[in-house]
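These notes concern the structure reproduced below.
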Amino acid sequence: MNGQYASLLIALPLLSAFFVPLIKGLGERGIKYYLAVITALQTGIAAWVFQQVYSTGKPIIVMAGGWKPPVGINLYIGHFAALFVLIVAVVSFFTAVFSIWSMKVQPIDKYAMLFLLLMLGATGMIATGDIFNLFVFMEITAISAYALTAYNKTGEAAEASLKYMILGGIGSSFFLIGVALIYGSLGTLNMAQIAQLAGNMNPTVAQVGLALIVFGLAVEAELFPLNAWAPDAYQAAPHAITVMFSAFVVKAGLYATARLLYLMQAVGSWHDVLKLLVAMATLTVVVAEFAALRQKDVKRMIAYSSISQVGMIAFALALGSQAGVDAGVFHMVNHAVVKALLFLGVGYVGIKLGGTAMENFQGLGKRMPLTAFALTIGSLAAVGIPLFNIFWSKVRILIAGVEAGYTWGVALILGASVVEAVYYLRFIHAMWFAGEGERMREGLAISLILLLLAALVIVIGIYPDYIWSLAQKAGSDIFNVGQYIKNVPLMEVGA
Amino acid sequence: MISVYYFGAISLILIGLYAVLVKKNVLKMLIGLSIMETGVNLLLVSIGYISGRSAPILSEGIGPNQAVDPIPQALVLTAIVIGVATTAMALSVAIILYGKYGTLNVEEIRRLRG
Amino acid sequence: MNEILIILFTPLLAGVLAWAFDFRGVREVIGLIGAAVPLAYLVKLYPAVIEKPVDYALTVGGFTLQFQLGTMSWYFAAVASLVGLAMAFGLVATSRSGYDWLFALMSFTGVLGVFLSQDFIGFFLLWELMTFASFMMVLKRNRHESLKYFVLSVIGAYAMLLAIGILYARTGALDFETIRQALIIDVSLGTIGKGETILLFTLFLTAFGVKAGAVPLHVWAPGAYSETDQSYTAFFSGALSKAGVYGILLIYMLMGYKLYAELGTFHGHLTFAYVIAWIGAITVVVASFLAVLQEDIRKLFAYSSVGQVGYILLAFGVGSPLGFAGGLFHVLSHAIFKGLFWLVTAAIILQTGRTRFRDMGGLAEKMPFTFAMGLIAVLSLAGIPPMAGFASKWLIYEAAIQAHMPLVAGAIFLGSGLAFAYVVRFLYGVWFGQRPSELEDVKEAPLPLLLAMTILAIPNLVFGVAPGVVTGYINRILMGDVVGGDYYRLVTQTGTYNALLVSTALVIGLAIAGLVYLYGAKARRVPVTDTYQSGNPVTEEFNLSIRRNFYRPLAEALEFWLRYSWDRFYERLAKLSEDFADALRQAFYNGNVQSYSWYLAIVLLILALWGVL
Amino acid sequence: MSEIGNDGVISYELKEFKLFEPLFKWARKKSLWIVAFCTGCGGIEIPPLATARYDFERFGIMPNPSPRMGDLFLITGYVTPKTLKRIIITYEMMQDPKYILAHGSCPINGGVYWDSYNVVKQLDRYIPVDVAIAGCMPRPEAVMDGIMEMMRRIEDGTADGWKRYRENYEYYRRNQDELFGEGWREKEARRWLAWI
Amino acid sequence: MIDWKLILEVIGILLYATFMGFIFMGIERKAMARIQRRVGPPLYQPIIDTLKLLGKKESISHGFIYDFGPVFALGASIAALLFIPIANFQLFSSNADLIVVAYLLEVPMLGIMLGAMSSGNPFSAVGVQRGLLTMVAMQLPYGLALIALIQHWGTFKLSEIVALQGAQGWSVTVPALLIAMIVFDIVFQAMLGLEPFDIITAPAEISMGPMVEYGGKHAAILFTQHAVQIFAETAFFAVLFLGGASNLLELLIKQIAVLFIAIFVASIYPRFTIDQAAKFFWKWPTILGIIAVLLTV
């Protein structure tokens, strides 16, 4: 079965990560180029997998060690996984190219290893079909994220990493309790089988298990009370890593929550969990937007904005309707592109002008017009101006939200996005119409990436049909669990 | 069938949580964290225990239905490894923190806020 | 037919090209073409539109955007593109950068799209585009005013989005036609309760009220209108405020029957229409009073524009067919005379660089053509009979009094009196009296601006003398012989107005007076200083004119009311919410890991309690 | 047309009503408007004329605050140079068939203030007086008689003070400049600037 | 096609109106004098004054608009007159209704203001300010009175109102419209610029207000305009509230009656200051107007 190449998606980063210490002799430059090559390779494979999945329409199932699913661990690369693995790969490639230029802190081989492990973890979380395997990949992502946050070796970085570690640790322990409870009552770890047997679990254990799993993943997916670590982690991490955090690390957590949520549909108190999640998601959007209003540091401001957009995705996924999930996935794609653009731009300015405080951005239009233009496109898109990509997904989410009956939730989110408009437009005004400065030379590679992403934003904005069709397929992949169970070749083993 | 081990595991988890929530010193918090992890591992193992059966080492005397359910034990192995990794990482970060901030009191480590 | 596509998107395309090729000559030519094409195509499509509305559907991102050029949308689009063409000529003279052209033409596309679109997603998309483009024009010059404008209009837009969502949830459709049918059927079904209809009505009212500048939401208008390139403001207040008014018509078309069924009538008037009428009346009175007391020429016209749009709201609020006819006619007349006013202001500011009345004066000799255009605009706005302004105001009077809304009609009387006052204030402040020495070398406005003014002045005269032309078309919109009479006469059940005869009477009167004037001794020109100051000799340094707070007595008479101002209220509200946001941030993200873990523990507690219940 | 002639003398042709001259002459006689400008001690003598007892309104006489519309200029009492400046400016603002009625002896020869340094002895040297009423503040009857005399003069056309002022304007101008000094209008105006 | 009869009628009415206007101004001065037990000028005194002003040998001008102002004012007054049904002569009144006439009666104010403003004299500027404020102040009660009338008779056309009054008795007989008439009468006082509201041309304060720079033929034109205006306004008052007239004599009597009410009020009351006037107009007349309007709805 030629599907087996898909397992390379996991194998390649793992092997190349452990291969890094061996090539330490090539020197700093060599490692960085090596990193870029690996990520390029990964993008190639991901693109090939994406093309195959979307052309044949059937998901690729990779059985570890040839064992049939309930016994063996399987990778289930459906429409969603194919799309998102490609996004993970592409964003990692861009960040790799960016870090070639931007990474100055010395132990570069450690950086490369952690970078690859982070990418591996995220890809694994998205592709896996087994909940404990999900836990393991989540831990890999988490640990590499802790390390990378502390990578700058400054006081703040260490503090942020500590916070992330403690909250992440608590979260993952409770996630493990949830997994244990589910395994205890169902006897299986495979997602497809869980979905089949979820109906006949005894209600209290199912309720507690589901709640704990969702709680564990919610810490990773930055929902309201649990996301206190996120702004610090985003701010303190190196600029390249923040791009990866916001573009796909959070999304992996979100996908996992959505996947497990919709798997356990048959559980009695499913709707109460949904209502709780919708409430938490709306609060995330509102609190994060309010927090971003008077920020002095642009990177922290965009971190809050990213948290609020992620909250909006969680709101969409937790609506419990097909339209909601499709809109959520569409917003995931758009958000990834826009936030990658914004964080890359801010990181670039941060390094070139030293620091990402608002003062450096005064009159950026005169100093670095290309970056300023890209940042403007990014912020306009983030606000939700028509002819840019987030407008389409935001409209879809809000209409799905009202259709699902959460009119008050939608009203609050709209109020929050008014606040978002205010601070983004203040940012644009600061860039173009305030402050002076003479024109500086801007790097070619970075400007090329920024302009490519900006062009992508505008193209999706003007012609969103293609991406919307992808999002619909990916959404249905998560939503109708029946199809998911049919796709996974379950071996008939006694419970 | 709620066996007595569940109570032990859950109490361990709560003790760990208590330590993280109340203790001011970073190291004590980390110790609390690892206690919680051991509690979770204990819960995981105890779920797989079927009373009156021996350890899941397949030898001639013990077949699949004489031994206890092996899968949770396998899971616990990986969970322990992960616990070790996180605690090691946390301690190294704590060392940097002490170097930079000169204190381990959680109240003072608050440069990133608002 | 893709004519609609051409009408809609040529301005945007031209804007982008003008921004791309940002050179002196090229940018202007592209901009002019971009602004002229919609008007040309609209005129070409006129015969087609008369029989059957032209339709066009476009599928974007899973939504089907339907556009329709019916009689009503043709009317609004024609008004907008006329003012747009004048704006383009104005921009040739006043704007120096491609930035202005890009966003001016983008808002032009937005407004045309709003008028032509037949489904809510297209409507909302182009509404947002219009708001964003006009916001960017203001952002360039003043951040505070532009943010105030953007926040208010975004609150309006999002209110509309919420209403669209509710409608979609209830009727399952997004395009106007199906929603209309669904709501009519729904009257008997009753799925949408009374409370929800009121919610929908208030949401739509806020959305369109913000754009039209109804009183509680008019706060953005003075700042936004004055802080941008003045020739763009001609379009901003001439055409963009019509989008808000078009929205009110949309409420009538879509939810009219439903609102009637739910809210019933009040003293013989539709309750919801009565509310709109009273909002319009209050807007007219409040805005006109504020306009009279302004010291800055742009602020004066901004408040006056808000007041005039209040007239249109009032006319639609009356609810009778004559009310709609009056309102629609006033849409046209407001667009032309207000557009003309703003172009005159653009000329003045371009040539003198001053915007306050105290620094200006005696420009009549220096800028004769602009003065003549200003006089036409003054006559039209004040509602002097031979002008278009009077014809539409006359129709609104007829409608309001016929529909037995006396106090609302009283508001129009007061409003038109105040309009007369602030328009004369403009004449005195800018054109007459002693000329400050620095303005000696002021020259006439550049040619393109003069051309722009003539484009808007001619319709003022033509539709003033022959209002029948416009009412003829309006009858076609309202599908009924609402306003009778031929080209020169307007006949309604209770009154007639023969514009031609009134003009001829005025001409006769002028001729007689002219004869009396010519008979007397030849008048010799006398310098300004030869004036009676109780016998004191007067030199140039004397300040012979009152240009600062001209209406101080009125301010003293209104002293009680002027203590309260909507503006300060909104500023305090904004500051309050920003401080709340800051406090929330400090409280929640206080940097202490312990408190963060407490948050986690609290969530666990909630889960535990919820699990137990 | 009006053009500024030599040293500020404004010369322009006047309107000649050939056909209606007698009608206008009658109208001028029957409607004399007094310029509300009271100088010296006679100012208080004018209001009694307007009361029911004498009522000059019977003859169409009406006080009018604006010089542009006024015809009859009453000089009621002594004239100091300071007041004379205002009188000259107001007189020149009045439109043409205008007449001056001087009350009391002061305008004629300085009267009681014959030796005062600050009184204009002979008003006629500065502005053309048509009718002068003797008496140190003539009684209302005398003033009424003076007005009757003025109306008779207008009737037969001999009240031509305005024509005399126009024809020999240099004479009057020279006397005025002699009294006040050259360019006194600007100097006077500049003195007021401090207050405005 | 030219309707000679109409043209002759128009010319006749115009001459009659101007003449009677001057006589009304004469009556005004004569009545005031008689009240003060003075003999007072002959009735035709305003005609003499206008002739004298017209007969001035020189006249000065402050620019084109300064000349255009009075001419426009007189033209507008003449136009307004043509649309009021004078006794049995329906001049153009079939082509315009109440609102058009009400607006045409206000247009001369703009003409005077134009001229006054361009004269560049501070007194005239204060006069313009006061004129506009009075107009603004009186607009609300004026409108309410008209609305009450229209609502009662249900039509805007003056000729129809006259016919209805002929049939059902004068407007004054209706209680609601009586209140409207009182309001209209107060406003009428301000429109004529008589005593309590002659703030515009406050003779002692700002020396003839807007008309301070006007002399010679400009003043003559303004006087004729004032004459035509008085005739038009009194005729308007008579048509609206006193049931129009079948012949000129009846109209004349009604006009003089109205005029005398105004004169009696004028000769008693001292002058309002402008903000007192504004406050007054927005207090009593407006309340009365609202009552009248609510009674007739």
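All chains are identified by letter, namely A, B, C, D and E, in their written order; residue positions are counted from 1 within each chain.
The criterion applied here is as follows: a residue touches a chain if its C-beta (ideal position, glycine included) is under 8 Å from a C-beta of that chain, and two chains touch if they have at least 3 such contacts.
Everything quoted here is computed from the prediction, not taken from an experiment.
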Q) Expressed in steps between touching chains, what is the minimal separation of subunit A and subunit E? A) 2
Q) Which chains make contact with subunit C and with subunit D at once? A) E
Q | By count of C-beta pairs in contact, the leading pair of chains | A | C-E
Q: Average the CA atoms of each chain to get its centre, and name the chain whose centre is farthest from that of subunit E.
A: B
Q) Of all chains present, which has the mean Cα position farthest from that of subunit C? A) B
Q) Using CA atom averages as chain centres, what separation in Å is found between subunit A and subunit D? A) 97
Q. Per the centroid of Cα atoms for each chain, what is the distance between subunit B and subunit C, given in Å?
A. 67
Q. Whole-Å distance, subunit C centre to subunit E centre, using C-alpha means?
A. 35
Q | Length of the line joining the C-alpha centres of subunit A and subunit B, rounded to whole Å | A | 27
Q: Would you please write down the residue numbers of subunit C that are in contact with two or more other chains?
A: 520-522, 524-525, 530, 532, 534, 585, 589, 591, 593, 597
(Q) Can you list every residue of subunit B that touches 2 or more other chains, as numbers and ranges? (A) 17, 20, 29, 109-112
Q. What positions in subunit D touch 2 or more of the other chains?
A. 12, 14-15, 66-68
Q. Got a list of which chains touch which?
A. A-B, A-C, B-C, C-D, C-E, D-E
Q: Using the touch rule from the top, collect the residues of subunit E that touch subunit C in their complex.
A: 14, 54, 56-63, 65, 67, 70-79, 82-83, 92, 94-100, 103-104, 106-107, 110, 113-114, 117-123, 125-126, 128-130, 132-133, 135-136, 138-140, 142-144, 146-148, 150-151, 154-157, 207, 212-213, 216-218, 220-221, 224-225, 273-275, 278-279, 282, 289-290, 293-294, 296-297
Q.
Quick check: in the complex, which residue numbers of subunit E touch subunit D?
A. 29, 33, 36-42, 45, 48-49, 51-60, 203-204, 207-208, 211-216, 219
(Q) List the residues on subunit A that touch subunit C in their complex, please. (A) 162-163, 166-167, 170-171, 174, 204, 207-208, 211-212, 215, 219, 225-226, 228-229, 231-232, 272, 276, 287, 290-291, 293-294, 380, 384-387, 391-392, 395-396, 398-399, 401-403, 405, 407, 410-411, 414-415, 417-419, 421-422, 425-426, 428-429, 433-434, 463-465, 468, 472
**Q.** Contacting residues of subunit D [partner subunit E, same complex]
**A.** 12, 14-15, 17, 20, 23-24, 26-28, 30-31, 33, 36, 51-52, 55, 57-60, 62, 64-69, 71, 94-97
**Q.** Complex contacts: residues of subunit B adjacent to subunit A
**A.** 13, 16-17, 20, 26, 29-30, 33, 36-37, 39-40, 43-44, 47, 71-72, 75, 78-79, 82, 85-86, 89-90, 93-94, 96-97, 100-101, 109-112
